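Each of the next two complexes has chain A plus one more chain, namely chain B in the first and chain C in the second.
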Partner chain A sequence: MTSFAYYPGCTLYTKSKNLDLCARETAQILGVELKELETWNCCGAIFSTVTDDIANQVAPIRNLIEAQKISNKLVTLCAACYNVLKRSNLYLAKAGNETYRKRLMNFLDTEYNGKTEVVHYLETLKYDIGFDNVKAKVVKSLNGLKVASYYGCLMVRPSEELKFDDPDNPVMMDDLFAALGATPVDFPFKGECCGGYILVDKPEVATKCAQTVIENMAASGAECVATTCPLCQYNIDNQQKMMSKQYNLPIFYFTQLLGLALGIDEKILNLNNHFIDPKPLLKQKGLLQ
Partner chain B sequence: MKSEKKRIGVFVCHCGINIAGVVNVPEVVKRLKETTDAAVVIDHQYCCSDPGQNLIKETIQKEKLDGAVIACCSPTLHENTFRKTAARAGINPYNCEIANIREQCSWVTEDKEKATDKAAKIIKTLIKKVQYDEPLTPISIPVTRKALVIGGGVAGIQAALDIANTGYPVILLEKNPSIGGKMSMLSETFPTLDCSQCILTPKMVEAKQHPNITLMTYSEIDSVSGYIGNFKVKVRQKARYVDWDKCTGCDICVGKCPKKVSDEFNCGLSERKVVYKMFPQSVPNRVVIDAPNCLYIQKGACRLCEKHCPFNAIKWNDKDEIKELEVGAIVLATGYELLDKQRLGPYGFGKLKNVVDGLQFERILSASGPFMGEVKRPSDGKVPERIVFVQCAGSRDPENAMAYCSKICCMYTAKQAILYKHRVHQGEAVVFYIDVRTGGKGFEEFYKRATDEGILYIRGKVSKIFEKGDKVIVWGADTITGKKVEVEADLVVLATAMVPAAEKSFAQLMKLTQDEYGWFTEAHPKLRPVETLAGGFFLAGASQGPKDIPEAVSQASGAASKVIILFASDTLEHAPVIAGVDEDLCSGCGVCIDVCPYKAREIQVKEDGKKKTVKVIEVLCEGCGACSAACPVGAAQQKNFKDKQIEDMVKVGLE
Partner chain C sequence: MIIDETIKKDIEELSGQKLSDCYQCGECTAGCPTAFAMEPVPSQSIRLLQLGKYSELLESAGIWLCAACNVCGERCPRGVDYGKIADACRTIVLRNKVTHITLEKVDKKFILDAPQQAFIAAFRKFTT
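Moving on to the complex of A and B:
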């Protein structure tokens, strides 16, 4: 079985356990082991764009060095971790940043030049496993479930660095759901901000962001939403109850829907951890007893 | 190369004190007499003067010289003068050379001694050169005094008319069934708001009726060979399935045709029949059958057009015809297209019905357009109460689309907003802009008029456009207030970037160069804006870069005048100081073909059918020497600049 170094990140150990556990379980079914780093620390949460900010870069780079013990590839799940780890790595290896790299190394035990490749589990599914092979393992087709794949901002931007997908029209998750038997719903806010952390500081702004996205998904005919990001999950899930119109759109982690299709244990899916209860919809679609 | 030594005369010019003030001329003369084998060495106050030229002429004749070196100013100034003098004296003008001892010697130093040394040396190298110089005669080629204009937009029409009016025959080639180009699609034109069709149609008709113009519409270039003055062009005239000699353009067939498809002329905002005329004023006023959509051609059913044609003009067995043309000059007037809206993701990928581009909105405004000039929106025909215009959609956007400014959009957006307000008085027009660029005659005044008429200009880029119910929501930044703005519109008009219509494959047919975006490259951006580096090809209109109508028309007239200058004589003279090929040495490797900037070299197969060598198309060669430098075996040699000649000159210079 191929093993890849795997970085869960803090939120996946607390609030977003289902994102993490479903990923490990589905990987197992698909013949890949996500091997958690022996030790890891916070990714930094936000990629620092301050030019002289060595202290902030130590944390993500330590994780990348640790990954080397397992594989050259480091698989991530949380959109924020993916964004921060990948960009920190690129910044370190960028031509012209040699002095910065040298200074950074003063704070680290192991010499490192950027050779860990940071990928997202979606990329592992697409490129290492292949959506066709995923499809072959489906035990419960998602049965035309209309899913809005919501990528948010962190998965796709800055596109010239992440090179994940077209920032204006990402489709990787949509393609996965199509392979699982669902009906992907196209909507123009796939890569738009959910409000993010602004919720703490300027809730009125964040609420507006989330609600625009929600309205847009609903207007495009979505029955539910899928995301890679704990923050998007929170905002889209939680903000709905504040809206004058109730759309009742459950939001899943993409790994939950993947797990559902591959038939993993309902306990691991953990469908109770949602503001908007997804069970009625899944029952209606014949996907749940 | 001659084995016998030439009798060479050296004439050293004082140029008043220009040369003699620094160079010790008598001393130079003395040294040359002592150290070279020149037959005569004479100095003169002003060699270029009448007495000076006479002295040179008489000396050449009296002393029976067969070569001359004039040591004076730069060859760009007087090479021609002295070569003519030499010719009058009876020697080959290319055996007369200039030694530049003014610009390259006396003018660049005050050190008299060094200047005198250097002058003597320069002259010595030129004596050496003349020893090797061969007699050359200018190349003369015949010119076919007939022009081909590719592209029947306003620029092509203008170029064709100008050339035709001087008496030369012109072929005006257009890929669509009618000439007219984009201008025929416009409603009214800035900054005067005159009706586009009304000013264009008379010109189209004039081109049609002109005795010296042959129209070839619904035709495309298949191949181009030859060179300046002597092009051979193959044109593919597409099958029309209608005999244009019989068709009168009565449109009865159009009325009867049962099948409708999207109408390109109305940018997809309405439908046309399968047998169709592009637009009512089409020139020629004829119909064509769109074969891929025709029920009879595809499925063997229908034939209604044939049944109802009173003139028996339907011709089912029509085929593409290849016509061969011989022309002396080619004008490229292929114009522009608009950037495909699908490229603009944040603006809805071209999927939103009520987000149109500039040309679509021109059609909406046009009296002959899909809504007969009433401003309506495509989705439901409702009169829009608020229109948002987005400038620079894909222009000035190096990350996502085009880095350049499309130049005309500021003006046509102002025009379109004004026209909208004229038609829908209570309507609101909002324009998002980065800058408003009004550098043209009457342009700033026109923009002022737009703002005076209550059009709201918001400085900032639009970040996102999406549908909400039956409205279109526009998100943008107002960079003056620093606030994010959201505007709810009924219709959005994108001023999408202008992009070249000419594809790479088309440019390659003629070996013409295009810039990174595909606009044709001019020979010199400032001094030769209508010529190309390839002889005989000229540029007109928006094929070279974004242009409005007056600019396209003036460039067309410029291109036409270049063609007329070429046609002024029936032969073309070309300086003979060009590259040659030593066929014994040439292995036909073709390295020189790639480095030649003038496309003046090609592979030829010798008569025996075996050996391949390179041939110089003499009339195209400008004698730059790139091939000589690149040739690995020394087969490419520049006439009168052969390797041996240059080596010996360098040796003398370094003595």
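Moving on to the complex of A and C:
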């Protein structure tokens, strides 16, 4: 079985256990072991773009050094962790940043030059496992479930650094859901911001951003949504109650829908950890007893 | 907080952006998800800096509404990243020991409900 270093991050250990546990379980079924780093710390949740900000780069780089004990590839799940770890790594390795790198190394025990490759679990599924092989393991086809794949900001931008997918029309998650038997729903705001951390300071602004996204998903015929980010999940699920119109759209983590199709235990799917209850929709589609 | 001509150099150095590169097309503002509530909006913010009205921007509410979503920088035809300029402006204010939010100001229901990620990001961007 292939093993990759795996970084869960702070939110996946608490509020978003379903994102984490469904990924570990599905990887196992697909013949890949996600080997959690022996020790890790929070990545910082947001990339600091300030050019002299050494202090905020120490945390992500420590995780990248730790990953070297397991593999050159580090798998992430949370969109924010993916964004922060990948960009911190690129900034450190960038030509012309030697002075910055030397200063940063003063705060770290191990010399490091950027050789850990940060990837997202979606990329592992596509490039290491292959969507055809994922399809071959489906025990419960998603039966035409109309899923809007919501990528948000952190998966796709800045595209020059992340090189994940087309920043204006990403399709990687859509292709995965098509392989699982679902019907991907196209909509114009796949990479639009949900309001992010603005929620903490100006919740009414964040909720309006989230409503713009939800409104477009609903208008495009989506029955449910899949996301990779705990903050997107919160802003478009829990905050639906604060919106001026009620959409009643269930918001899954992409690993939950993958887990459902691969037949993992309902306890691991943890379908109770949602504000908009997804169970009636899944029952209606014959995907849940 | 002392705001003078040297602040332009600070903003350009901390952001890695050249303010005179912006030709005011407004693409950043058109794509900005929080522009509806932002005052001044991204393109106006850069214009204020171009005109030397540094304190007008640094004391504005606009710089605190950037969600760091990167749409402005991604789409700018001149390669200017307003998100980085806003980050630099916030950093200058915060390094002058003027905090933007305190835990007491945060709605208690979010403290129990919302993911940690939201607080870590917000307190990194909004506190000294």
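Quick note on the criterion: the second predicted complex is superposed on the first by the 288 of 289 C-alpha atoms of A that agree within 3 Å, B and C clash if a C-alpha of one lies under 4 Å from a C-alpha of the other, contacts with A are read in each partner's own complex, and residues count from 1 in each chain.
To be clear about the criterion, a residue touches a chain if its C-beta (ideal position, glycine included) is under 8 Å from a C-beta of that chain, and two chains touch if they have at least 3 such contacts.
The structure presented is a predicted model; accordingly, all values stated were derived computationally and were not measured.
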{"item": "Fit or clash - chain C, chain B, common chain A", "value": "clash"}
{"item": "Contacts of A:169 with chain B and chain C, given as first, second, both or neither", "value": "first"}
{"item": "Larger contact residue set on chain A - chain B or chain C", "value": "C"}
{"item": "First, second, both or neither for A:115, with chain B first and chain C second", "value": "neither"}
{"item": "Which of chain B and chain C A:94 touches, first, second, both or neither", "value": "neither"}
{"item": "Chain B versus chain C as contact partner of A:188, first or second or both or neither", "value": "first"}
{"item": "First (chain B), second (chain C), both or neither touched by A:216", "value": "first"}
{"item": "Touched partner set for A:283, first chain B, second chain C, both or neither", "value": "neither"}
{"item": "First, second, both or neither for A:197, with chain B first and chain C second", "value": "second"}
{"item": "Identified clashing stretch of chain B versus chain C [459-467, 567-575 or 603-611]", "value": "459-467"}
{"item": "Set of chain A residues, in rising order, touched by both chain B and chain C", "value": "167, 192"}
{"item": "Touch list for chain A against partner chain B, complex", "value": "160, 166-169, 188-189, 192, 215-216, 219"}
{"item": "Interface residues, chain A side, partner chain C - complex", "value": "9-11, 14-16, 42, 44-53, 56, 78, 80, 153, 157-159, 167, 192-193, 195-203, 205-206, 208-209, 212, 230-231, 233-234, 238"}
{"item": "Sites on chain C touched by chain A in the complex", "value": "13-16, 33-34, 36-37, 64-65, 67-71, 73-74, 81, 83-84, 87-88, 91, 100-101, 106-107, 110, 113-126"}
{"item": "Interfacial residue positions of chain B with respect to chain A in the complex", "value": "345-346, 348-349, 399, 464, 466-468"}
